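Below you'll find the structures, each written out as structure tokens.
Shared chain: chain A. Partners: chain B in the first complex, chain C in the second.
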Partner chain A sequence: MEQIWGNIELLIDYPMVNLQIILDGLMIGSVFALAAYGLALVWGVMNVKNLAQGEFVIGGGYVAWYLTGLGAHPLLGVPAAFVTMALLGGAVHGTVIQRNVAANARAAGALAVIAGVCFVVGLYLAQTGPGQEPDTLGLVLKIGGATALFALFVAAGGTYGLIISRVIERDLFTSLLATFGLAIMMAQIMNLLFGSDTQNIKLPYETVQLLEGDPIGVGAPMGKLIGVILAAILAIGVVFFMRSTRMGQAIRATAQDARAARVLGINTEKVYAFTFSLNSAICGAAGAIIVMVWVIQPFFGITHSIRAFVIVTAAGLGNLPGVIGAGLGLGALEQYGSHVFGIGYQQAIAVLLLLFVLAIRLAVQRRKRQVLK
Partner chain B sequence: MKVTGLAVAAATALAVAVPGVAAAQDCDTITLGAAISLTGKYATNGIHTQNGYEFAIQKIKDNGGVMVDGKCYNFQVIYYDDESKGDRGATLTERLINQDGVQYMLGPYSSGLTKAIAPVTEQYQIPMIEAEGASRALFNQGYRYLFAVLSTSEQYLASAVALAALQAEKEGRDPSTVKVAVAVENDPFSLDIRAGVLDDAAKYGMQIVIDEKLPRDLSDMSSILTKVKLLKPDLLIVSGHSKGAATAVRQIEEMDVSVPMIAITHCEAADVTGNFGDAANGFLCSTQWAETLTYEDPIFGSAANFEAEFKAAYPDYEDKTVPYQVAQAAAAVYVFKDAFERAGSLDKEAVRDAIAATDLATFYGQIKFSDAGNNIAKPMVLRQIQDGAYNVVAPPDFASHPLEWPRP
Partner chain C sequence: MKYLVYAALLAIAIAAPFLFPDYRTSLAALWILIIVALTWDMTGGQMGYNSLGNIFFYGTGMYVAAVICIALVYDVGEYTNAFSGEEQTFTSEQYFTGMLVGCLGAGVFCALSALVIGFLTFGLRGPYFAIGTLGVAIAAGELVSNWEWIGGGQGIALPVYPGDFEAGKDFFYFLFLVTGVALILLLGWLYRTRFGLAINAIRDDEEKAEGMGIKTLSIKLFTWSIAAFFVGIAGGISAFQLIHFEPLETAYQTINLGIFMVVCVLLGGKGTLWGPVIGAILFHLFKEVTWNYFLGWQWVALGALIVVTVVFFQQGLLGWLMDKKPEWFGIRVESREAAK
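== the complex of A and B ==
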């Protein structure tokens, strides 16, 4: 208790700290908002509550980390993770969800092409890493690694599609159970592939000092700033996509009423598959940012899943400004919580917030019912 | 591996049956038992331990064996493979004692297996000297026959407190003016570390300005580091396995936190020098032993000599640093030799009392047991990362490099 008062006093004695805490919170919150937006998409459009959301984030982180290990520039990791995770979603859809032999064969052919491209890219990256001598064994190992990575994603994706295609529009428990199983499986596969050590990418940039001060100023690590910028670009891109493209419109129509959308000629199967790909791509990009500012480990996914659920519950489905606001707010609240109550309670804040939001929503709804009566 | 064990047992039986013929230099044999992890998850370190035992036995043999009451003996060990499983370790220990008639035991690898075996050796009143179980929980059970040559977990970063006190005195300040910040993970190992740091800090009357527990899935400790910036501690302690080390090193650089002394665990596991380069400079990392220490004894010579001779005897280690697990295993055998000679008898009670009274200078460090059986004479070694290299800076009397203070 004494410690808590001491911490609050610090906040009052050094007002600059508040600024730093809020800034830290907003920067990391923007990344939370990304994963949450993906969740809002699949939840709203497909009625799938994806408990494996965090594992997709971590998966994206590993894609970026792996590429950096091969010698790619760290910032390349974000688009790479985005594309890899999208391909994963798309591949799953083509091979598993679509129940049409000819189409499956075509998709398998496409997969083979993608595998070939991955192989060549792996080869190229392996040879062009900075300061790397061309050595045959290392090259073979790296190509093997790249292929294994790809195989993992196809395998995980296959299982995933197998599961997801069966739980769309089903009840709450089916999708929760199925995706929970998926989460465990993905975490274990990543553990087998990458080991249980924590990994991260160190960016070769200095921290930007925004405000000088003694004993504390306000600074923003470059990694986090880049994260915010990338998250913003991604968010704007997604909004533009949803508003202005045919597929975006189809997704929104399906979310409103899937049956009506089908009647009006929208291929909802395709919409579902696309939505899922989009979600895994967004998560992957979020993970690639996370690995630049924090650390990842195969079993860290659950905390990101919880955060996404809290944000979506607080903001509601299909409410992008709400999701962004809730994400930033959660980031700042976590930082405040861990400052005041101790770092051990950082994530407890997220769960408490969820309870709080649920209680408020319940109260509000009850009042509305009374009005109707 | 059981086959090996039996073969050794058979050899031992022969040696005992035909004294003076099988053993070299007309020496008799003292049989020790060890259930050790030769397969399973601890196999790597289990084999280090076994190699340490065997190297020490050979060295003692080469130096004239163990002289008990004017008679010469050599050690021989019956090994069983515990497969890195506690229940297996306990069963095998029972078998060593009941079927093989072992009267003295060497420890297994890891705290967990030592915990599984200690109740058995205690029940049969068999003295056991272990070298690889550091948990504090081993030494508050009131065990009478368990002794450990290594520093227990609460000492892991306590030597950083002593070093900070020393540095304060050098600066002309009283050690009680030193401010300490502690951030450790909420798990048994790290909480042991915290307990040790808090105890030692209290002895000097230091002020604890931050005392927080890190969550298991830690990936951000910026809130603690913000407090560190405000409260300006003189010493920051972080223990949270490799994620704690990685997060601390990265964010301390990112947030431009300057603390004169920072001590952490798991530097090697997190590969902080490889991952963070210059950002890792100045960090203090704890270890049980390093080959650059200036400890020495008449059997093994200096720490550096131990390393050189061990590498010559075991060429597998040629390209790497000899792990401290090897050194402490060898030290455990050395303690047995010393105790037998002082006891002047093979009676296990007399040997037990002699072990308890050990006060021995070794290449591994001073060895002297508390009533609880843990070694209280050897401090943990602190290495500082200086220009990307791990250099020993504490204990200062045995260090190879001076401490860089304040941390750059």
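== the complex of A and C ==
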């Protein structure tokens, strides 16, 4: 208790610390907003409440981390994760998302065969590669790992196609529980592939000192600034896409009224498939940013999912400025909370904020509710 | 005939620990699953409120039972802070009094907290209720693991069973058995009464039920607090059975037991009395097999099981049987078509 008061006093005595906390919070929050926007998209368009959102984020983070381990430049991770998740998600959804069991099974079977062939070829290449060099084992591990990663995402995407196509427009608990099961599965697969250590990418940049000469000093790590800029570019790109392209318009039309959209000649199956892969791509890119500015771990996904739910519940569906505002606010609040109460409470704060938002929502609805008494 | 079957089932349940003495701990775990699945079905299957946070009552039951048992003899803060060298013994009288008072206290405390949480969350519908209750459970786990007075992240170590170690296993098995049988009897009676009809009416159409004069909020609260009472008692007993427990993995085990109970109910068939029991038995078999033979991959198998059950087989075993063989359940089906 005394420690908490001490922390609060510190905030009052040194206003600069506040600035630092808010800055850190906004930088983290901009990435939260991205994943939340993906959730709002899938929720609004397909009525699927994706509890595996956080696992997508972590998955994207691991793609970037793995590529950096292979020697790629850290910043390449973001587009790589975006493209990987989008391509795989898109390809899989294009072929698999149909409400036709036989076609689903055929496509899933074909993908499984492709993944298997990739894996075997990868192993073969690794073994017949630069033969007797001392690094053979490392090479086997790398190529095997890369193909396994590829197979994992193909398999995960295939499962998604199989499952998600079945839970669209079903009752709400079904999609929630199905994606929860998927989240457990993905988290464990990542744990088996990459181990349970926390990972991050060290960026080769220095911290920019704002307000030099001040005894406390406010620092903005260059890596985090780059993360914010990437998040902003991504957000602007998505907004531009939704506003101006034909597909974006089709997505918005489907969200408004799927039946009317179908009557007007929009292929809603395609829209659903596209929306889902767009979501997974956004999440993947967000994860690639998070791995640079923070840490990832296979089981951190659930907290990211909860953060996305907090933001979307607070901001509402289809309200992009609201989502961004709520994301930044959540980031700042979480940083404040963990400063005042200690770092051990960080997860608890994210969850308590969810309860707080739900309570407010409930109070607002109670006021609107009209019943005879 | 019906009572003969029930008597046979009870006889099997009583004889089981003597027939398979090596599996007593596993059989006790099966009873925990049956209890939590039945109580989850009270709100999830019968009332249509899918809670993902019933594990909150399990964890809270554990902690309340342990704290009461310790507080009867020692100062709780000192007990949890003590270094391992210090001697902290319980006489067997203190142990059993602590257990009885602790488990009952845990049940009552959980029932009361269900009233409070229910009052705050029962206005939420559908996915918001599920996510809200999940949030309650996760938040409770995180807060408890930061609360040093009750052991923080280290958890609490309770005294061991004072008698013979092997006799202790039988003792805990029969405690769970008594709780479980009491719960089945209570629910079998409750689902036949007007109260049972009322909670089914809430599931089918809450607004209409309210329009018909059913006091929906108090019925929902009452149902959930009965469920919480039994889960709390089960949690209390398992605190004494496990001896040592810690907050995140054992007490508030959101993704373990918290999700297992839902899977059990879905496997067996929700909204039926015996569905959760059958589902719990099936799931327990699945769990024992995968946890023993696919170590490392068991979570992947579990996730796959959840997905397959939810997406393709949501009616569950009993629901499927009712659909195929309605005459087995005394449902008469007219072969003629209804009025056009």
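Definition applied: the second predicted complex is superposed on the first by the 319 of 373 C-alpha atoms of A that agree within 3 Å, B and C clash if a C-alpha of one lies under 4 Å from a C-alpha of the other, contacts with A are read in each partner's own complex, and residues count from 1 in each chain.
Simple rule for what comes next: a contact is a pair of C-beta atoms (placed from the backbone, for glycine too) under 8 Å apart; a residue touches a chain by one contact, two chains touch by 3 or more.
Computed from a prediction, not measured in an experiment: that's the story for all the values here.
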In the overlay, answer first, second, both or neither for which of chain B and chain C A:G223 touches. first
I'd like to know which partner A:T198 touches here: chain B for first, chain C for second, both or neither. first
For A:M27, decide between first (touching chain B), second (touching chain C), both and neither. neither
Go through the superposed model and pick first if A:W294 touches only chain B, second if only chain C, both, or neither. first
So, does A:V57 touch the first partner chain B, the second partner chain C, both, or neither? neither
First, second, both or neither for A:F180, with chain B first and chain C second: second
Looking at A:I343, would you say it contacts chain B, chain C, both, or neither? Reply first, second, both or neither. first
Intersection of chain A residues contacting chain B with those contacting chain C? 302, 342, 344, 347
Flag every residue of chain A that touches chain C in the complex, lowest number first. 49, 159, 163, 166-167, 171-174, 176-178, 180-189, 192, 302, 306, 309, 313, 342, 344-345, 347-348, 351-352, 354-355, 358-359, 361-362, 365-366, 371
List the residues on chain C that touch chain A in their complex, please. 50, 52, 120-121, 123-124, 126-128, 130-132, 135-136, 138-139, 142-143, 145-146, 210, 255, 259, 262, 266, 296-297, 299-300, 302-307, 310-312, 314
Report the residues of chain B in contact with chain A in the complex, numbered from low to high. 183, 186, 211-215, 217-224, 226-227, 229-232, 242-243, 246-247, 250, 254-256, 269-270, 275-277, 279
In the complex, chain A touches chain B at residues 3, 7, 10, 14, 17, 20-21, 24, 28, 197-198, 200, 202, 207, 209, 215-216, 219, 221, 223, 290, 294-297, 299-300, 302-303, 335, 338-339, 342-344, 346-347
